[in-house]
Amino acid sequence: MAKGIEIRTSPHLKRVMSVERIMRTVVLALLPICAFAVYQFGLSALLLLLTTTGVSILTEWFFSRRSGQGNTVSNWSVVITGLLLGLTLPPGFPLWMAAVAAFVGVGLGKSLFGGLGYNVMNPALVGRAFVQAAFPVAITTWTPAFAPGRFGELIPSTLTLPFMQPIPVDAWVAGLNMDAWTGATPLAIQKFQHIETPIADVFSGMVAGSAGETSAILILICGLWLAWQKMLDIRIPLSVLAGAVMVALPLWLMDSATYPSPWFVLCSGGLMLAAWFMASDMVASPVTARGAILYGLFIGALTVVIRLFGGLSEGVMYAVLLGNAVGPLISSWTQPRVYGVTRKSADKRDAA
Amino acid sequence: MEAQNQSRPAAATPTWAMLRTLGGIALLSGLLVALVYQVTLPIIAENQRVLTEKAVFRVLPQASLKRDFVLTKQGGLAPVGEGVDGEHVYGGYDAAGNLVGVAFTGVAVGYAGPIRVMFAYDPECRCLNGSKVLSSNETPGFGDKLDFDPEFLKNFEALDARLDAEGRALANPIVTVKHGTKNQPWEIDGISGATISSKAMGRAANAAAQRAVPAIERDLAWLKQQH
Amino acid sequence: MAELPNTQETLTPDTFLRGLWEENPVFVMLLGMCPVLAVTSTTMNALAMGLATTFVLVCSSLLVSLLRNWIPKQVRIASYIVIIATFVTIVDYSIQAISLELYAALGAFIQLIVANCVILGRAEAYASKQRLTTTFVNSLGMGAGFTLALLALGTVREILGNGTILGIHLFSPDFQPWVVMILPPGGFFVLGAWLLLFNWLRLRKERKQAEQIGVTAHAR
Amino acid sequence: MRFFRRSKTFDHGIYPIEHKELTADKPIRRMPFAPELVIPLSQHKGKPAEPLVRVGQEVVRGEPIARADGFVSVPMHAPATGVVRAIGLAPSAEGPKVQAIYLKVYHAASQQVLYDMERDPERMAPDEIIAAVQESGLVGLGGGAFPSHVKMKPPAGRVIETLLVNGCECEPYLTCDHRIMLEHTDALIRGIRMALRATGAKRAIIGVEDNKLDAVAHLRARIPRHLPITAEAVRTKYPQGAEKMLIKSLLGLEVPAGGLTSDVGVAVFNVGTLAQIGDLLPKSRGLIERVVTVSGPAVANPGNFMVPIGTPLRFLLEQVGLRGEPGEVILGGPMMGMAVSSLDVPVTKAVSGVVALEPENPDLARRKVHPCIKCGECLNACPISLNPSMLGELALAREYGIMAEQFHLDQCFECGCCAYVCPSNIPLTQYFRIAKSLNRDKG
Amino acid sequence: MATILTAVGFMAALGLILASMLVVANKRLYVYEDPRIDQVEDLLPKANCGACGTAGCRPFAEMLVNGEVEPGKCTANSKSMNQIIADFLGVDVGGGEQRVARLACAGGGNVAYVRATYSGIPSCRAAALVSGGGRGCSWGCLGFGDCEQVCDFGAIYMNPQGIPVVIEDKCTACGDCVTVCPKDLFSLHLASHRLWVACKNLEFGDQAEHHCEVACTACGRCAQDSPEGLIRIEDNLAIIDYAKNDIASKVAIERCPTGAILWLQQDGTVVKGRDARKVVRKGALPVA
Amino acid sequence: MHAEPLSLIFLNAAIVNNFVLALFLGICPFLGVSGKRETAWNMGLATMFVMLVSSAAAFGINWLLTELDLLFLRLICYIAVIASAVQLVEMFVKRFSPALFRSLGIFLPLITTNCAILGLALFQTAKEYDFVQSLVYALGAGTGFTLALMLMAGLREKLALARVPSVSQGAAMSLMLAGLLSLAFMGFAGLGGGHG
């Protein structure tokens, strides 16, 4: 059947960029980080990533079906959520808990509010914050990196039965005979014992920590590549890092025995990963340009404040969530100045 | 608009009714509450006593009798009575009337607010040999460990609280150390994963002991007679 | 000028039942949320709080209804508040007399019953207009509804957050409690989840009804 | 930063693929007469013209066939010698049917323009020039179709200091202005001089995007030294040609919201408009044809043509040849232009280009619309610095009032940059059109 | 005992002090506001539809209490509710005859040709802005149902051919559909107006029919058949003079060749004339 | 506890132990008037004002009751005085500044029956704050309340435009949002406490 002539509204041209393409590229950028996580922590990390991603996808599929939005898995955004969630969990985290995190993150953090584009906070971090509050012991149980035999065996806690307490790892760790292992991450060691892990180690990732947070350099490279591909607003990661330095530098200059160096602050913990891949999630950050910078500075500064003065050794997750919470306010306070509208003319209009 | 307003009835203020009602209700309420208060006061005091006693007997299991003392400003002990103010210290005596230990409370800020703990002091070994958390806001799962983790409770089997030469302070302040690094009798082996809470516990123990132990040691002889 | 239609209610089962469901103070009217969230980390606390609130609600509603014709509207809020506060103080001391441990667990929230919007709201909206009998039944219903809601939260939070119900362990000792449930966010989440469930049931019912009468609501 | 830039420009905006190579070096050719021309009485903003002819009346090419009805209105002239077949409803690009004169063209007749009366514009007073411009039926040929003489007379209290000559042609595909600058240079300069006199402006700047540097060089070579006329290159960036943007780029000024360009002492004219003035006024002729770029992927032989006003699109497209069925046929450029619902729509004075796209426009068809992911691309694209993301969300929720009251909807000039960049493929500009149209209707 | 006495005394004193403060305040700070405004507002539907001509229900309530309008002006409220308000305020209900929205087009997809395929936001307003929306008849209904969506009362539904149908009983004459329709096809009419021209096409004869099989061709038969002055032909369209509604009858519709002129029945069904071409097609016409 | 610095009292009341998100006080208005930023702001200011007034009043009453040895009447006196004070303020504002009344005043009756106000009075007594500390505590609590309200309002305004599924529309969504905020506020736990 002839369709006749077509009519559409202008513009009749469109940029080739699309949501699917952005999301796919981010997944691509995350893959090296995942690979390093698996290399470093072995099979457990692999299973962890598969679980979070799988459960995230299933959850999204289920809820998007139920709410009649059709299948929204195909836009890839949920894959990012799953991967990032896996990357922020300890490598030996029980899989059932990881599944809970993924379900809560996607279900409560995203689908409940309408899915892609309407989540108010970062779904991956909502999931993580939930399990951090629900299973605080399990999520602060760390296992050493580069354990011998990591490709052949699992960390015992990984396969904990659902709803059961994690299988203790102490005996397993002791059996590894890794002398240097103290059972803590660089951040915790710094916070509670004021000993800084050498920068080279935290920078390259030769340390323990959450599955995907360890190698600052790798994250930096992947993030920069993404920015170069114009898939993320580089203002956000840069201002997160700047915000962190802004707080850390003066403290360190004042008292370098108690406070960590800015380098250490930047390279340790989840700051790098969060700055490049989580704070930069556009959905839950302010849309305005000035807003994005304020938001980044806020997150960076708050991370360091929580790390140094709060009860936790790492604060970036909460900082990002709180950043998401103030995002709408920042956004509305930083509306761009409209061409031809001056403060005076706007006032006049309001008065009229 | 003005004219209309005036034509409307001005607000009637029933002065007498208002005074009568509110005054009356307040009066009744005062009466009722005062009565209830009078009735419940002794029961509540008794409850309070029982509660403290339970805690004291928990940290001093051999005791069957508790006596209350007050830490005086002079750094000694005095029996509870009219006109003596100060922190309470509880002496525990066995059936035979022998002093089996002294209990006192300590407070320190933990992960989420103050942790109040009762400690037992054994003058024989000059050490703390019991603890019970009276109240805390610590995260469930973390906070519980202070009271139930057997490994952690081992710390309070004989925690050194010896006084220094002058007898004014502990010879070795009590501190919490990272889990697995305890190597002195006055150190508390922290709980892995709940460092903050266990450190608070150490601070509470230290502060309480620094205050109470010198006084106890000073008046130990007197204390032993007070059954 | 005629009066508005008379609103004196006659006593029916609905006078009581309304508070349980249709006008449930927590689930439907979203009143008195603070104790609902704060003291429901265990079933026991929830029950105690519910009973205490019901007691205050019933007593104060009765008194307000009794005095309704004597209280000038200019001092009604102050009078109601004093009445409520009196009963709360009584409850406060009674609970201390019953069990100090329970008192410690409920914390300031016993005293905060005074400010519980349900009670003042009922006094204003119902007791000040209705007869003694209906007031009694209605406030009892409201209290029961409130207690029900507290229990609905308390049981879920205790089971998930502690693995127990009324202090009795339900699962094997290896059970991993979901600590978040007894923390503040858990309170919000559990109440939210209940409301989600109710919403879902209501929507399903509406859809069924719509299908029955043959009208398919068009999607906007 | 500005210091390092090659050409002057404004903030934000976009860089669509230009496709100008299809026609940029095709000289302007004359389009034959269609058997029947359709001349709508309202080809301009303002009141429609009043017909001066009856059905059956014979008219000669260039003869006035409708007269202006008031100041904001212009007359029409017969584009060809022929007979008035009917006066009635005809399809328009906007949609609603409009009154039009149907003119049957005599093919055998001489198509010489006889309505000539030589005069020397140099000796005309400004008001006389303005009146002459109205008589010529000239409207803005840049696409706005606003009667040009009205723009030459600023409102009381406003003085025009600078005349901006808009040679940007920022729309993809279009090259007619480019060709005019190259081929009708003298007429253009003549037109600028007349406009300078009419408006009283002290200088004129020709703004040309830096993808047409040959035109800049050509103009610079031909502009007599003594004249206060300069040609300047501006950055090739859409929508450089929008007058507000051009003013910002060249003069650094912003037209106040809701105001006119004359509020900042500027009047903007398209190069085509001024070239026509330079052509028509000395002979006191009327506007009966214009240069149109016919291009697009569905066109076999794209080019620039001198097209009689009233030529139906069907005839025009037959002349250039089509590659199969056209998908969309757009009047103007693809960014701002209007798709027509019927090929019986005639070329009017406002039509600077006809772009025929293939069916299933690959840029648009079958792309899924996602919810706004708040990526901020649209904010970075909007030349007016609006918040299209917010506006789009509000539009979806039908909060049209809030859009206008709090988010400056009225400032949006529908350039389409936001919709162009949106990765979620949200038809933002269309939402804004709906919102504005509804707000207008609600009053 | 002493405690009890001080407590009682203290409380009584406090009660009296607070009460006297309130007494003073009530005397000095009192601001009168008619309590009936709130009561009346409670009785209004709170649709804030604006059909009464005010900004919303609250201002309407104020005007009611001030006696400036009659309750019947609110068309969204039920009759009985308005009666209660009227009784309460001691005024007449007022309001007059019911008005309903009427649609001046019958060109569903089965009779009206589409000339171009529109794609974009599925909204009449949007489509109308894109070269009129692609319908052959540039006056006709576009069928995306903006009117259906804007109606807060669910009084409009789209029939299978994509033409909105007004449920007279639900229509409150709020006028939202009148504003929203980009083709201006809706207008508010007294329910007693039964004779109706469902066409707005200004073209003549075949030209009109070329686009739509049920268009008014301006043949003038309806005008000839009906009493003098009831119907006239203007701009190629039959126009009914409703001032003469009393003499309107079904005679006018009988010879209409296309069925553009109709007789609307109380129950919502429509009667076409004897000579009207029967429309048998149910599906959409092809695009051409 | 007595020597707690004022800044810490403020920080604690405003953020770490946020009245709404950590202590569960004032939830009803928090859920009720957080739909729009503007109303949230006005409500926050009104609450802060009432908190200051009632904090001062409570301090005075507590002193008086201690003198008379009638502490068991504390609760009744607090609430009666606060309620009357709020009513007076409301009438005062209504009379002398109708504009202010329209933006703030309509919230005042709502606040009377708000746990946060009474909670504040009770907590400041329990913590044995002196007069200045009490006021700072009230200021902090009010700030924290306003902060929570504003954050919630920002999020809800954003979601007002979202495609929220019908099951989670309304109160359920607000509660989940509040839960998320409360989850995020857990990050402040331990802030300012003595560690290490």
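To keep things simple, chains are lettered A, B, C, D, E and F as they appear, and every chain counts its residues starting from 1.
Rule of thumb we're sticking to: a contact is a pair of C-beta atoms (placed from the backbone, for glycine too) under 8 Å apart; a residue touches a chain by one contact, two chains touch by 3 or more.
No experiment lies behind these values; they were computed from the predicted model shown.
Participant: Return the chains shared as contacts by chain C and chain D, ordered by label.
Facilitator: Chains touching both chain C and chain D: A, E, F.
Participant: Counting C-beta pairs in contact, pick out the pair of chains that comes out on top.
Facilitator: A-D
Participant: What chain is the most remote from chain B, judged by the mean position of CA atoms in each chain?
Facilitator: Following the centroid criterion, the farthest chain would be D.
Participant: Taking the mean of the C-alpha atoms as each chain's centre, how many Å separate chain C from chain E?
Facilitator: Once rounded, the distance between the two centres reads 43 Å.
Participant: Any idea how many Å lie between the Cα centroids of chain A and chain E?
Facilitator: Centre separation, chain A to chain E: 52 Å.
Participant: From the mean C-alpha coordinate of chain E to that of chain F, what's the distance rounded to whole Å?
Facilitator: Their C-alpha centroids are separated by 46 Å.
Participant: So how far apart, in whole Å, are chain B and chain F when each is placed at the average of its C-alpha atoms?
Facilitator: The mean C-alpha positions of chain B and chain F differ by 30 Å.
Participant: Pull out every residue in chain C that's touching 2 or more other chains.
Facilitator: Residues 74-75, 78, 82, 85-86, 89, 93, 179-180, 183, 185-186, 189 of chain C each touch two or more of the other chains.
Participant: Would you pick out the residues of chain F that each touch at least 2 other chains?
Facilitator: 72-73, 76, 80, 84, 87, 162-163, 167-168, 173, 176, 180, 183, 185-186, 189-190, 193, 195-196
Participant: What residues in chain B touch two or more of the other chains?
Facilitator: Only 13, 18, 21-22, 25-26, 29-30, 33-34, 37, 111-112, 139, 141, 196 qualify.
Participant: Please list each pair of chains that are touching.
Facilitator: Inter-chain contacts occur between A-B, A-C, A-D, A-E, A-F, B-C, B-E, B-F, C-E, C-F, D-E, D-F, E-F.
Participant: Spell out the residues on chain B that touch chain A in their complex, using ranges where they run on.
Facilitator: Answer in residue numbers: 111-112, 139, 141-142, 178-179, 192-193, 195-196.
Participant: In their shared complex, at which residues does chain B touch chain F?
Facilitator: 26, 29-30, 33-34, 37, 108-113, 196, 199, 203
Participant: Which chain B residues qualify as touching chain C in the complex?
Facilitator: Touch list, chain B to chain C: 13-14, 17-18, 21-22, 25-26, 28-29, 32-33, 36-37, 40, 43-44, 47-48, 51, 135, 139-141.
Participant: Which stretch or stretches of chain A touch chain F in the complex?
Facilitator: Answer in residue numbers: 63, 66-67, 69, 108-109, 111-115, 117-118, 120-121, 126, 129-130, 133, 191-192, 305-306, 309-312, 315, 317-319, 321-322, 324-329, 332.
Participant: Would you pull the chain D residues touching chain F in the complex into a rising list?
Facilitator: 371, 393-394, 396-397, 399
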